[in-house]
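In structure tokens below, several structures.
Presented sequentially are two complexes of chain A, the first with chain B as partner and the second with chain C.
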Partner chain A sequence: MAEKLAYLWPEVTLFLATCAVMVIGLSPSAAVRRLCPLISGLSLAAAGIFAIGTTPTLADGAEGLMPGMLPYAKAIIAAVGILIVMLLAGTVDRGEEEELAAGVRKFDPLRLTSGEFYAFFLFSLTGLMLTASADSLIWLFLALELTSLPTYVMVTISTARSRAKEAGVKYFFLGALGAAIFLYGFALIYGGTGSVHLGEIHHQITLQMAGDGLNGITLAGLLISILGIGFKIAAVPMHYYTADVYQGAATPVTAMLAFVPKTAGFLALILLCSAIGWHYGETGHALPDTIRLLLWVMAVLTMTLGNVLAILQTSMKRMLAYSSIAHSGYMLVGIIAGPGATFTESGISAVLFYLLTYGVMSTGAFAVIASLERTHAERTQTGELAYDEADSIEAIRGLARAKPLLGWSMVICALSMLGFPLTVGFFGKLPLFTSGIAAGELPLVIVLGINSAIAAFYYLRLVSYPLFDEAGDEAGGFITTPMRTRPAVAAIGAVGVLAMTVFAGPLMGLAHDAVQPKLHDSDAPIADEAMPTEEAEPVAAK
Partner chain B sequence: MTTLAATELADYFPLIVIIMMAVTFSVANVALTLLLGPKRDGKVKSIAYESGMNPIGTARKRFNVRFYLIAMVFLVFDVEVIFLYPWAVTFPNVDRLAPGASEWLIRILFFLFTTVVAYLYGYRKGVFKFD
Partner chain C sequence: MIATLAQAGFPEAMSGLTLYHYLFISAVMFVLGLIGFVTRRNLIVMFLCTEMMFQASGIALVAFSRFYLEYTGQVFVIFVLTVAAAEAAMALALVVLLFRRNESLDGSVWSLLKG
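Showing the complex of A and B:
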């Protein structure tokens, strides 16, 4: 308990801020209510500092399988979280607050949702950080659900429009299905290994693989839970909700959906796969063939389907939704490749680095969309005021001339998402390629390459529309939102992409340090040594 | 073995007494009402009771949101009590001089703190206002 607290200070900080925000958000004074995003942002900064500061040492036996991952994962969660909270600021209750300020309406705490909104946001990030620190299946499940449940509500209350409610309901039911699936998988893993503790599961699986191979129940459990976690990362076949939910939610919340559940899913996948057992510090993979095959098929389908469907979209939010599916596919390549001795060979550090890269560039791109809106608010059926946000790709025609800041931010972020050389997106994708090649997954890497080419087709639209086109009629109707933080996030996203390009080396180094092996207990190494010879052969044949 | 089973069953004796009391009480009340109560029937009186709402009409009718708010606040305190009882029963057995004994108190205080926050939130939200 107490030893676990040593690395849970970031979560504790966020939780206390959640409590404060929940109560402050219901204050009758508008000035006090406006403190909510500020408090959320400050608590995230504090959590980030705690995450870097209160690191368990590798020899400390109290932590999960990948102790080095904690500070890195939590720090990037805090960093991207601050960007997202800046984007979220002022999203909910906007019409309500305007009417309150104008004196049209009287203060009614039941009608205001800003307290809940930021509280749920912080709850979700708390869950995300807890996912990184998970050391048992129960913890992992609770953390994943703590990450997801608030997002269902956030989608629903993000705008007054009815399509947000539709999106929320779809997201909730499919999310519940996903949770049920991976929970069932967890139950089977427990049945197959006799423990919920990841370290013990790792030990049991190692013993099973050294003997007659994985037993059926364990294998079924692992397959089912990986499939269920596919919902969180929006991987085929659990991707159906993505486009509708991303489009229905207010754009700032969409930016959050693109980063938070995806990160949670990948952290969970990394933890699960490390429980199955990669052998650290060597190339080659200890993932059983069936699981590797499942991930392989998921990766190929996810990136291909995401990219092909993204081409067909005219809505920017749907396009970025499918692009987020495709990015999940790219990152699955890293999961399949597994850890390696150097950064270029290590798929896991590639995934961790890519999560940071993707978080910054996608938040930047969504911030540009969120910054564009129509001048006048409209009344919805239920009588609330709602602003029409930019969604059609026509809205960014000629943006670089009309609004240089937003236009260029979109250009830079889109180029980076494409993986254009000399952007951080390129340096993010490169280790995915090299680790895949190092792991002997040549066909997968070829598919990844083809997909990057397909992706160019629609990302280049996001680049060329603002840069080379004249503003059409559609574009004329949009103005920059009066909320200053949103264009600021777009700018920070673009500057971040450029800055991270410069500092890619040190950041990659941090990502690589994050996956260094845990010092094994006295009995573990013997079992670990026995594994490689049996596992390397069937994989190499593929 | 038999003695062990016997003592275990004996432990449940108060429970059996309570169950018998509950059954007797409810059966006696219904029986006494039937025997002693006046029998005046009416249209309104014979309709099903549905939390004070008129049960006639479509099921898609909107409920007052307070039903849900009260239900949710009830859940918060309900869950709190569920956790407090086992804690209260085990806490006297904790060796107070043992290392880490204070954790037992800190844990439940933290738990109570979260409940207070929930209460404060409900209060600010106006859940307890009945106007």
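Showing the complex of A and C:
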């Protein structure tokens, strides 16, 4: 147990910050309350630094299945987490704080939710980092639940509007269903292999496959848990909630939903699949046919359905929700391809790199939407103040001329999400293609190619509306929000996309190192040097 | 029947019950929970259905734990119960919130979000 602490310092840091934020969020002084997002951001930066310093070379038996993944996964979680916390800053209690400042209302700690809001955000990221460290099914289950449970509350309290409550309820109920499904799968995996430790499960499955194939209980367990985890990554057939929840939540929380549960789901999938099939390294063998088939069908349906439905949307948040479903489909290709000797052949490093890429570009795009709002707050039926956010795509017509910073950020992020050549989205998608081809999944790669073309239809609307259109009536009604951090996140997202395009090579190298079987000591200094370029940027911008 | 018992590894004292009986019950509970979740519209009943699915996993875990004569599965169940309790707290909070706004526990009343 004690040796596990050595690589859990990032989580410990976040947990301590969570406790601090929960208390000071109730302070009667507005200046102290405003420290919450700052403390959250600083603790994430500290967690990121601790994560980079982690050397996952542990005694045999104490290590997880993919120890090299820890520092990389935690560092990208911290980096994108800082962007998201800047975006979240000031989301809840906005009307309440204004009324307090104006002296309309007296201070009442029961009416303030900012303490819980940031604390839940940090809890969720703690769970996300714990998912990366998981070495047993119990740990994995608890970490996934710790990631999800706070997000249900965050969606519900993100704005005073009724639609946030509706979104929260939908998200919670379907989330509980997803959790029940993968838990049943975990129970069956335990039954089929006799262990909850991923390393031991891997050993048992290898023995079974060398004998007369997987036994029925193990196979059923693996299929059911992959389906259940499909909820976290919003993969078909567990995608129903996505559009409604993304639209109903306040936009900063939507940006969080696009990154946090998806990353948790993919980390869990990588761990599960590495327990099933890959001896990551040269001796790797593919996934069993049934599991490959399930993932294959999920991947094809997820990207096709996501892209086709995204074309039909007029709401930007729904459009990005379906695009987020489609991106999950793309990443499933990497999971099916599995690891390989070089970066271009390794689907796992492609997925890890794509998670970072997607996190930065989708946060940037959502930040643009979050930066646009109507001038006046309205009162909801329960008497709270709520600001009307931009949602319809009409709101970004002519944005590049009216508000160049936001307009160009949207253009850059949308082009990158489309995978336009010479953007980081392109470099992220390329290894998914090449690894698929290397794994002999040509039909899947063709579907991926067709889908990238379909995606152009709606991403190009996000590009052409701000660039080439005149501002319509609808666009005139929106102003840049007075919260300075939101446009800043949009700018950082766009600059991040450009910077990551330039540094794509070293970042891909890091993603590839992350999936190597053992990190040798000689590899550690490389990780120390290269990571800060990407890590320092959000911190410096603060 | 004795042969099945020996295969399943249960001591003789549990005469007549094998691992498969427990797994059958757990599978039935899981499927009933799933069907209930999909067909019912009352939010509390829907939540109870997910709880039933959680408990189905609990039964399977305990049965496997007994089968392997070790405690890991039972430890897992304790964690599952804790998480289920946390979820129940959240579910009730959400249901109360909804009831105050809509005066109804029918999930289909909520239809602001469509498209």
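Rule of thumb we're sticking to: the second predicted complex is superposed on the first by the 508 of 542 C-alpha atoms of A that agree within 3 Å, B and C clash if a C-alpha of one lies under 4 Å from a C-alpha of the other, contacts with A are read in each partner's own complex, and residues count from 1 in each chain.
Definition applied: a contact is a pair of C-beta atoms (placed from the backbone, for glycine too) under 8 Å apart; a residue touches a chain by one contact, two chains touch by 3 or more.
Computed from a predicted model, the values in this text were never measured in an experiment.
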item	value
Joint occupancy of chain A by chain B and chain C, clash or fit	fit
Chain B versus chain C as contact partner of A:Leu188, first or second or both or neither	second
Touched partner set for A:Leu149, first chain B, second chain C, both or neither	second
Chain B or chain C, by number of chain A residues touched	C
Touching partner for A:Pro109 - first (chain B), second (chain C), both, neither	first
Partner chain in contact with A:Leu177 - chain B first, chain C second, else both or neither	second
Touched partner set for A:Phe427, first chain B, second chain C, both or neither	neither
First, second, both or neither for A:Cys19, with chain B first and chain C second	first
Smallest separation of CA atoms, chain C relative to chain B, angstrom	6
Common interface residues of chain A - those touching chain B in one complex and chain C in the other	none
Chain B contact footprint on chain A (complex, rising order)	1-2, 19, 22-23, 26-27, 108-110, 115
Residue ranges of chain C in contact with chain A within the complex	23, 26, 30, 33-34, 37, 43, 46-47, 50, 53-54, 56-58, 60-61, 63-64, 67-68, 72-73, 75-76, 79-80, 83, 86-87, 90-91, 94, 97-98, 101, 107, 110, 112-115
Residues of chain B defined as touching chain A within the complex	65, 100, 103, 107, 113-114, 117, 120-121, 124-126
For the chain A and chain C complex, residues of the former touching the latter	137-138, 141-142, 145, 149, 152-153, 156, 162-163, 165-170, 172-173, 176-177, 179-181, 183-184, 186-188, 190-191, 194-196, 217, 243-244, 247-248, 313-315, 318, 381-382
